[in-house]
Amino acid sequence: MLVVMQQGATEEQIEHVIDRLVDLGFDVHRSTGLIHTVLGGVGGKYDFDVAVFEVMEGVKEAHRIVSPYKLASRGFRPGGTIVQVGPLAIGGDAVVVMAGPCSVENRDQIEQCAELAARTGARVIRGGAFKPRSSPYEFQGLGAEGLQMLRAAADRHGLLVVSEVMDQTQIPLLAEYADIVQVGARNMQNFNLLRELGKQSKPVLLKRGIAASIEELLLSAEYILAGGNYNVILCERGIRTFETYTRNTLDLSAIPVVKKLSHLPIVADPSHGTGRRDIVAPMARAAVAAGADGLMIEVHPDPDRALSDGAQSVRPEQFEELMHQLQAIALAVGRTL
Amino acid sequence: MLVVMQQGATEEQIEHVIDRLVDLGFDVHRSTGLIHTVLGGVGGKYDFDVAVFEVMEGVKEAHRIVSPYKLASRGFRPGGTIVQVGPLAIGGDAVVVMAGPCSVENRDQIEQCAELAARTGARVIRGGAFKPRSSPYEFQGLGAEGLQMLRAAADRHGLLVVSEVMDQTQIPLLAEYADIVQVGARNMQNFNLLRELGKQSKPVLLKRGIAASIEELLLSAEYILAGGNYNVILCERGIRTFETYTRNTLDLSAIPVVKKLSHLPIVADPSHGTGRRDIVAPMARAAVAAGADGLMIEVHPDPDRALSDGAQSVRPEQFEELMHQLQAIALAVGRTL
Amino acid sequence: MLVVMQQGATEEQIEHVIDRLVDLGFDVHRSTGLIHTVLGGVGGKYDFDVAVFEVMEGVKEAHRIVSPYKLASRGFRPGGTIVQVGPLAIGGDAVVVMAGPCSVENRDQIEQCAELAARTGARVIRGGAFKPRSSPYEFQGLGAEGLQMLRAAADRHGLLVVSEVMDQTQIPLLAEYADIVQVGARNMQNFNLLRELGKQSKPVLLKRGIAASIEELLLSAEYILAGGNYNVILCERGIRTFETYTRNTLDLSAIPVVKKLSHLPIVADPSHGTGRRDIVAPMARAAVAAGADGLMIEVHPDPDRALSDGAQSVRPEQFEELMHQLQAIALAVGRTL
Amino acid sequence: MLVVMQQGATEEQIEHVIDRLVDLGFDVHRSTGLIHTVLGGVGGKYDFDVAVFEVMEGVKEAHRIVSPYKLASRGFRPGGTIVQVGPLAIGGDAVVVMAGPCSVENRDQIEQCAELAARTGARVIRGGAFKPRSSPYEFQGLGAEGLQMLRAAADRHGLLVVSEVMDQTQIPLLAEYADIVQVGARNMQNFNLLRELGKQSKPVLLKRGIAASIEELLLSAEYILAGGNYNVILCERGIRTFETYTRNTLDLSAIPVVKKLSHLPIVADPSHGTGRRDIVAPMARAAVAAGADGLMIEVHPDPDRALSDGAQSVRPEQFEELMHQLQAIALAVGRTL
């Protein structure tokens, strides 16, 4: 903890800051510069709010030195984490592709997707059974029945299943049918949900919120890790910016940054990250080139008639071509697909 | 629904768009311009995704004409809605102040806040019992015990209670102790929670998410209204931007915009909106000047020792002075406090 | 200067950082914590890039302690600056209204605006002669002829003139006709222009760029001050965010923040800040309530036919009503209009 | 032009909109829907502001149908533009690397950079002689002398030169020494500069502003094209978002989007786009994978001692390794380096 006092801060103001640091268990080192007095705190608690110091009278700025997350930090496992999902290793040499429709709509649709995914080298099928939709008038998902269809199609084709959980009451159902439980961007800071996912053992795919910093993403992962579940896969899926041509701005720099700050694997979702089918392929290639451990891609047999997110779902023939391109890129960065 | 075709779009592409519009129940009017063909769809479904058309081959742009929300729109109740909470009218002539600590910490703290609030003219006491915190190592709230303390203090001083619900399992508890149930910014798109809140009758204070557009805020309100609960109060509490000096950027323009687009009352939260005690007062004054129906302000007897959000909590003497300033501003815009 | 080393940073890495600090003239204090080594630098140069340290091997974070601006900081003139423009004081008790059309279009238009401004209590007339337009096909301004019309109308009605300079070659012309030279948002970091404006004596109204932090605004002011011209008025005119209903998001919190960090006066421009005539009035009131020293408001006799920015120009009758409202708000915050 | 009237718009309001459309030269088609009246305008002027219609009474929304840029649009040259710079083709099969220091500092530094660039396959050397700096106390560049050094080093090693122009008065100097004149992000909307660059023939590398939408980037290109200079190369170099770990957020999706909307070549600048040396390489690879026609990369013999932007400059050995990686990626997307 470092607190820099303003030029001309009074002795009383400095003492007040020192008192608060001592209250929090810090040993305080006081250093008097030409212009500013700096107070360094060593030891002390983790659970305090650095902003409290920033607005104290006489304070210029305050900085937390120790990262607010510990279990998610690279230092905790310098060699990196490989999340093992049955036979599949996420975070190892192979780039893992998870593909499928936005929502499970019916048996036919999901069967076509599973067949395509398996044939082209994807290892995991995705598909939503519970859909968070901005409008109450939009399709909300098939629920448990959708999960059963997804599981059955995956089993027929030797695929694993990832599907989204919308709140903690749905965890048992998801744990029954899915191999990986997905936390959507809107739930990245649903802390009750994160806490419950930490208490169970299914791997969790945690998506970055559209307004979440990389640090906040890692703090949300920390909630799950702190509960004892270390099988967390992060996912970059676009942040909200002023640009409107794309639905979100896919922040691919988050991939190398997360690799540096954390030991957890990270995948990219160019479908949500762009919202436009016509640029999913170049962004998928870019994500692999940037070091992503995997991709989550929406594909639909007939996207123009999809019940949700059809605009960002690629057509089957586009998906097939993309898988070929991705193999070349993976090779170029020393990985396999 | 309006679809503008690209210059040089083929007849086949145009037909494909028309087919999809017809599938959705639209009567299609085709208009051939010098450069672009425009397709207008009349009637048709509400629950479709306009982006699906945007990425169809040959399409330049597509626009939804009818607002995606109906019950929340100004047209639905041109005269505006007054939410009646016991004796208190929110959305009428009086500007309603809701004040109190970020979290309920102990009996003493909440008693001091309640006494202050009642004495200075606030009508509602706020205080969190369940706290969504970015880090798992921070204080998470006192739970039910906190709600009881809050209720007791409010009753002693003739105040109403607003407190945050974190997920749908907590609704019964909140409904028992609070007069207004608050949905926090992180939960603005927790659609299961919104749907459940629509099925009960307690007024709901719905905060804008930090990355939510005004349209998305109104769509979230629509979830509650669609369930039959029309007692919804909106709250502007800051959006996330590139500026880092303030915790968020309080978007006061949302107040007149919501007044134009919707019939629902809207309050402002300058505490979360700025994250800094030292600018809460000017922003509170500005919110009233911009037409806010109320304010939510964090106050704490000893903010430097607050268990959460101390940086943005004003001191009791600051609060008292602010209430005087607000009376003058309210008067200047023809309202009372 | 403070550099926090990563946990496990090597002695070699620490030495490398110390060497660079010494190169920059800093006295280095080394403090070894339980987890992190912290290096404090005292004295040293101003003109270095803190990011260079952030990416050095073994470094966790680096912070500049001394503000990068000096002349613009509140500490330089704790009592605040009043910019005197002829008989007019900007930054004193009176809130100064600057009003007029986006562009000078013709003699009639500017005469009507000047008459309205003078009659209702505005003190300065605005009007662009050189217009920065996103598209090359839009109206680009009348140039010198426009400035002459503006000056003549102002003189007839006892008003002062503010008008925008687009590059340094135009300074002499602006200095001849205007009392205040405006630097537009797109030019906030046109450093050659700022430097030249520092060498002359006309007051400068410096607008915040749409992607500029408050610190960057103050750094741009520093360019002008460093040249010897202390007559700088800052202007908040909206920043770019994800919200699209308004053209920009007017960041009113910049007003109290600038008041805290700097001695310079600050005005608000709710016309550009919102881009919509229908919410200019509430945001103008809010700006005064937040402590603005003045307002810049676009008004046009016939906004639907304005050659530029008609959407954000209020009608004459709206302006008149707004001036009445502003008087009440100014009074409520202890100022005059 | 399409104007959608609000539900319940009066005949008078509709007539007012029609009148304004007619004034602008549009043929108006009126279509009365169940809920909304829609007015379509065919023909008409380019140079009007669509927002003027948005705020007219009774209007719900308004959309411009024809793109505001014409010469920059893909439709103008469906086959794409190759900018020929001496022997070098930008926008063809080969991915062009432009490398060099942020600023030209001295003869030795620039010689080392030129030798490295030429040896590893870069074709263009970059280096600033005039530096836009946020603070007036930072290094501002060597000016004409820097340009001479850059030219000499380039000539010794058979490289081309790109360097930044800060305002229109510097164009002759840049045109003398550089092969490509760069317009920096801060100047993307310096319209006087753009207009002058349109009147001369040197190729222009136009960087996207940190708050500029893709449409605004293309509109700025239009200024240059409209003057008769068709040799424009666009450059994505990061936009400003809420994420602070990186200096900017490199928006790689702009690459495929520009390829779709425009015929102009586009390169990426991962140095400015990230601000951090440690993630330049993955983002450079990603840019090529996304379809960039080239890269602009900052390299410095001793970045820790660079006079500007050292944090984002890679070391010579990092650059060499990166060039090998880029060859592999270029090959994987069917191009050469």
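Lettered A, B, C and D in written order, each chain numbered from 1.
The working rule: a contact is a pair of C-beta atoms (placed from the backbone, for glycine too) under 8 Å apart; a residue touches a chain by one contact, two chains touch by 3 or more.
In this text, all values refer to a predicted model and were calculated from it rather than measured experimentally.
K.L.:
Suppose you hop from subunit B to any chain it touches, then on again the same way; how many hops at least until you reach subunit D?
P.N.:
The fewest steps needed to get from subunit B to subunit D is 1.
K.L.:
Quick check: more C-beta contact pairs in A-C or B-C?
P.N.:
B-C
K.L.:
So what's the Cα centroid distance for subunit C and subunit D, whole Å?
P.N.:
One centre to the other, that is 26 Å.
K.L.:
Calculate how many whole Å lie between the centre of subunit A and the centre of subunit C, each centre taken as the average of the chain's C-alpha atoms.
P.N.:
Between these chains, centre-to-centre, one finds 38 Å.
K.L.:
Distance between subunit B and subunit C based on Cα centroids, please, to the nearest Å.
P.N.:
30
K.L.:
For subunit B, what residues touch not just one other chain but two or more?
P.N.:
Residue numbers touching two or more other chains: 211, 240-242, 244, 278.
K.L.:
For subunit A, which residues count as touching subunit C in their complex?
P.N.:
2, 4, 6-8, 29, 31, 33-36, 38, 40, 42-43, 60-61, 63, 65-66, 75, 240-242, 244
K.L.:
Inside the complex, what are the residues of subunit D that reach subunit A?
P.N.:
On the subunit D side, the touching residues are 211, 213-215, 239, 241-246, 249-257, 260, 273-274, 278-279, 282-283, 285-291, 325, 328-329, 331-333.
K.L.:
Under the definition above, what is the set of subunit A residues touching subunit B in their complex?
P.N.:
Listed in rising order, the residues are 16, 20, 23, 46-47, 49, 51-52, 54-56, 68-69, 132-140, 166-169, 186-187, 189-193, 195, 209-211, 216, 219-220, 222-223, 226, 240, 247, 275-278, 303-306, 308-312.
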